[in-house]
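Heads up, there are several structures right after this.
In the two complexes below, chain A is the common chain; its partner is chain B in one and chain C in the other.
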Partner chain A sequence: MKYKILFYIIAGLLFVSPVFVLLLQSITTPWRFQTAQEMNVQLKSFAVLWSDPNLWTATIGSIVIGAFVLLFNFLIGITAGKALALYSFKGRTLMEALLLAPLLIPVLAVAMGLHLLMIRIGLADTWIGVTLVHLVPTVPYSIKIFHHAYSQLGKPMIEQAQILGASERKQFLTVELPLLKNAIRSVTFLTIVISLSQYAITAIIGGGSVVTLPMVFFPFLDTANPSIMAAFSVWFAAPPLLMYILIEGLLSLLPYSQTPWRNRA
Partner chain B sequence: MSKAIEVNNISKAFGSNVILDQLNFQLNPGDKLSIVGPSGSGKTTLLRILAGLDHPSSGTIKLGEKDVTHLDARTRKVGLVFQQPLLFPHMTVEENIDYGARLTGTFSREKTSDLLTAINLTETRTQFPSELSGGQQQRVALARALATEPEILLLDEPFSSLDPGMRQELRYWVRDLLDERGITSIFVTHDREEAMLMGDTIGVFYNGGFQQLASAETILQSPANPFVVQFFDNHLLIDQDHYVPLNKISFSSQATGARVMKAVLLQTSVANGERVAHVYVEELDKRLSLRLPFPHDGGSLDIFIPANHIYSFDSSRGAGRYE
Partner chain C sequence: MMKKLYSMLLFFCFALLTACNQTGSSTNLQELKDRDWSTIVEEANGSEVRLYMWGGDEGINEYIDDWLQPRLQEEFNMTLERVPMNTEEILQKLQTEKQADKQTGTIDIIWLNGENFKNAKDHELLAGSFTDQLPNFNKYYDNEDPAITTDFGTEVEGMEAPWGKVQFVFHYDRAKIDHPPQSFDELQQWIENNPQEFTYPAANDFTGNAFLRHLLYAKAEKPSAIYAQPFDQKQVSEAGDPMWTYLQSIQSDLWRSGEHYPNRLEELDQLYGEGEVSMTMGYNEARAESLIEEGVFPETTESFVMEPGSIGNTHFLSIPYNSPNKAGALVAINDMLSPEAQLEKLKPEVWGESSPINFDELSKSQKEQFESVDRGNSVLDQQELEETFLPEAEAEYVDWIEEEWMNELVQN
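Up next, the complex of A and B:
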């Protein structure tokens, strides 16, 4: 109980109060402590934000790119993570090092080389090209997370499902995916946030034709108006949150999910 | 009548390391076989091959009339209970039991209720595995395996993760359940006592094969070779050809022609209401535990081995031929 209270205090101080201050700032005029200024409610900051003609294009672009980056991360992360955790094969350590290598090289350096490749294969200045380049800073983390999740799940648990007669598809849907939920949640947040934050590589590969939120956001940095910055930050936080809610909804559809309508004593 | 399982010349090698060497055995429906041997001797590999999780290098396995050697674990009608319960943590007790039954098309509500009653866990049916004790979890794992109506049930040291009290209790309980339901089973363990409790036939497994495949009584009366003698500790191995039952060795001379050996008393303890002496016999370089009829403070003792109870591995009982 004591630790629970401590947890709520720390979480309140470090996570809830900054978000509250951010929300408050986005709908009030700039205010400083002991300046005798009043805190006035305003929605001008959001009006400025919505006046940007590229805002909706950038928001939808970011969400679509983020969704595809997430999908590819799931596909690559789950298959590679499972192979690394459960199968023994020659060169596994080397393979693991190679899969994590993109994290050791600056993304910009990788993007330069990939830009040339994208131009050659006709994917430069396209959203597919941007989606692919966003995999560079995200996939290694996903592989690491799913690798760890499958190691925790363990081969015997999967063999138990086999012994009981589960087909590979059934085993994946009824045992693996439900037990990978926490990893899926982590990958969702991490991937969307990383993808959403990419400015330089999106600009290089997208060539200005692919507009994402950071590209709209960056010019606002000059304004030095905390209310507008707060409004944009709130807007910026919405896509990951939306995606998280969507994924959470999909996860609740999995077999044996713990939902309120499940039979409990 | 066809056999429940027929294993013919099964071999398994990892590189040059031979784990199973031309293994043969067969069980009739309802038979219970315990496989006992030292850790690392390949017992679990054998069980995994029988379950279809590993494949043999050569040989065949038949379940009933059907050759299942190349069948996947998913399609063999074999139940396997592992050392750990491995219950699916996101499913309730009932869902765990139903899982395999639904997949194999053998599900019925009556059967689930019957199994829950059999494992005395009806009240926990809607609880999750994390809310159960280790012993309860292992019972659910057993019920889950039985729910698929396997032709043979394999148990791989299922009690090894339990505390001694729970372990002892579950041994009797599982054995009764298997007997009541006439289930053909193979029980793997490294514990000799457990092997005798869980199987009518005991396979002493070592070096890629059975050193002896017989009832506990036969193993006690006529151990097949020095390994069996040393593994079971029911006899004293005098040399590679001769042994003497421990219960025939005494600390006082009761017959003429007994062989006398010097022993050092290491420690005394009490077991089953009797004083037990733990002695070291220098001549044979062996430690023994023998019933001690009188208190002794320590130091040297003489042990008497009656010549007429010294047997050789190739002789029948009652014909001690030790010179």
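Up next, the complex of A and C:
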């Protein structure tokens, strides 16, 4: 009990209060310390934000690309994670190391090579190209997370379903997915946040034809106006939250989920 | 069942991968050379022009989106699309496209100067010489003015058209300082009397480096010994020594006793806005106006320049080698150089930036319009700016200062 209170205090101090300050700054004029100046409420920074004609295309672009990146991450992460955790085959360690390799090399170092490749296969300046390139910094994490999740789940659990005669599909839906929920949550958040903050590779591969949120947002980091930056940051936090809620909604449709409209008895 | 689903999805991915391969090539700038202007305007009619530029200033963005865009639409039936992207990324993109021999790009106009221009020119990323084709350039701009024919010491050779001009100024808070320093010696005195109240951005910052170039100009025999000379390691070291001595002597009285320098100008601006330091600086003589209006800077902010003068530079518009709509780009650039567009740009509520246009070529009423623009209280008057104007030195000086500053001030 005592620890619980401590947890809330620390969490409140470190995570909730900065967000509160950010929200406050976004709707007030820049603060000047030690001048006894009162806080002036203003909505101009949000007006600046909304007046940017690129804002909505960029936001929608980011969400759509994020959704596809997430989908591919699930497909690749779940299959690769399962294979690495449950099957033994020759060269498994090597395979695992290779799959995690992109984490060790900065994406920017290979951006030029990737761009050349994208130009050759005709995907430069398209949103498909951007989606694919966003897989580079995200997929290794997903594989790692699902690998871990499947290791925890263990082979016996799946064998049990097989012995009871469940088809592969049923086994996946009723045994694996419900037990992977936490992993799915982590992957969702991590993937969306990483995909959303890719500026350089999006700019280069998307070539300006694909406008995402950081393309509009990042140049504003050069302004000295903290109100505008705060407003942008608040806006920036919306897509991951939206996606999280969406995935949470989808998860509640899984079998054995506790949902408000189901009896918990 | 699952396997089938996966293979279908994989197939779908590859189908997407192989689809939409674009072909075709763009017109050569050379072909447009032989046509007269009205044919070029006709060709641009109904086309789309994509302008790639840094997008971090809402004043500039609004000038493009709300003023220029409707104007081009109305007069030439052209759609201007502004794409926000940093110049470094634009050049990297072009560089890779060049390597892959991609002849149809996505960029029609880029906004650049200095080192970026030098890079683009050296790597042949630009379409070529075009300014002598623009009626407005020929009519209103002085093509012998060094501010237009050279860009940080690099010969322009008509490969970029002058769009704007900025000059370096210092800002101070009138409420705290009565008489701003007039020279680097006075500044040194002031810093000594007011410890912790002055600092400058680190040398790898654009503005911080410009501050140091002013000091280098001041410590050289005369400023032209730097800007009129090609970079020479030995010669510059001579002027460099008193500069490093100066910087070391003020260091302990700087903000945070000089143990930490702001990484970027924005950090210094914030310190100034919060009242931590009493001076800031920047490469645009009118930039304080919008910051005062936004409430970032105190209302008592004013500007000053010091001996031996204030460095100014011109920024330019250019066309990449693989622009798909070069005719449209020419028409748009020509219009951005027009007196009307330059006048609008000068207004403080729009952008507030001064024009590289040659005032002698303007008609009387045009001249009056330019003169009647009130640029705001924090902006020095045009005459003082012109009298103190100093041109930029070669781009090599920038790298040299950055490197030596690290050695002399950070590592000691």
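Everything that follows uses one rule, which is that the second predicted complex is superposed on the first by the 261 of 265 C-alpha atoms of A that agree within 3 Å, B and C clash if a C-alpha of one lies under 4 Å from a C-alpha of the other, contacts with A are read in each partner's own complex, and residues count from 1 in each chain.
By our rule, a contact is a pair of C-beta atoms (placed from the backbone, for glycine too) under 8 Å apart; a residue touches a chain by one contact, two chains touch by 3 or more.
Bear in mind that the values here come from a model prediction, so they are computed numbers and not experimental data.
Enquirer: Superpose on chain A as described above, then tell me if chain B and chain C fit or clash.
Expert: Taken together on chain A, chain C would fit alongside chain B, as the superposition shows.
Enquirer: Mind telling me which of the two, chain B or chain C, contacts the most residues of chain A?
Expert: C
Enquirer: For A:P178, using the defined touch cut-off, is the partner it touches chain B, chain C, both, or neither? Pick first, second, both or neither.
Expert: Only chain B is touched by A:P178; chain C is not.
Enquirer: Tell me the contact category for A:T223 with respect to chain B and chain C: first, second, both or neither.
Expert: Touch status of A:T223: second partner only.
Enquirer: Is A:T93 in contact with chain B, with chain C, with both, or with neither (first, second, both, neither)?
Expert: A:T93 contacts neither chain B nor chain C.
Enquirer: I'd like to know which partner A:T126 touches here: chain B for first, chain C for second, both or neither.
Expert: second
Enquirer: After superposition on the shared chain, which partner residues are touched by A:H115: those of chain B (first), chain C (second), both, or neither?
Expert: A:H115 sits against chain C, while chain B stays out of touch.
Enquirer: Have a look at where A:G207 lands relative to chain B and chain C in the superposition and call it first, second, both or neither.
Expert: Only chain C; A:G207 stays clear of chain B.
Enquirer: Output check: A:S51 vs chain B and chain C. Expected answer is one of first, second, both, neither. What do you get?
Expert: Touch status of A:S51: second partner only.
Enquirer: Give one of first, second, both or neither to describe whether A:Q162 is in contact with chain B, with chain C, with both, or with none.
Expert: Only chain B; A:Q162 stays clear of chain C.
Enquirer: Of the partners chain B and chain C, which touch A:Y256 in the superposed model: first, second, both, neither?
Expert: A:Y256 sits against chain B, while chain C stays out of touch.
Enquirer: For the overlay built on chain A, what is the smallest gap between any CA atom of chain B and any CA atom of chain C, in Å?
Expert: 15
Enquirer: Can you give me the overlap between the chain B contact set and the chain C contact set on chain A?
Expert: Common to the two interfaces on chain A: residues 167.
Enquirer: So in the complex, the part of chain B that touches chain A is made up of which residues?
Expert: Going by the criterion above, the answer is residues 51-53, 72-75, 78-80, 82, 84, 86, 88-92, 95, 99-100, 103-104, 125-127, 144-145, 148.
Enquirer: Okay, in this complex, where on chain C does chain A touch?
Expert: 1-2, 6, 9, 16-22, 50, 52, 54-58, 61-62, 65, 82-86, 89, 92-93, 95-97, 99-100, 102, 105-107, 264-266, 269-270, 273-276, 291, 294-296, 298
Enquirer: Using the touch definition up top, name the residues of chain A that touch chain B in the complex.
Expert: It is residues 156-157, 159-167, 170, 174-175, 178-179, 256-258, 263-265 of chain A that touch chain B.
Enquirer: In their shared complex, at which residues does chain A touch chain C?
Expert: Per the stated touch rule, the residues are 29-35, 40, 42, 44, 48, 51-54, 75, 79, 111-112, 115-116, 119-126, 128, 167-169, 172, 200, 203-204, 207-209, 211, 215-216, 218-228.
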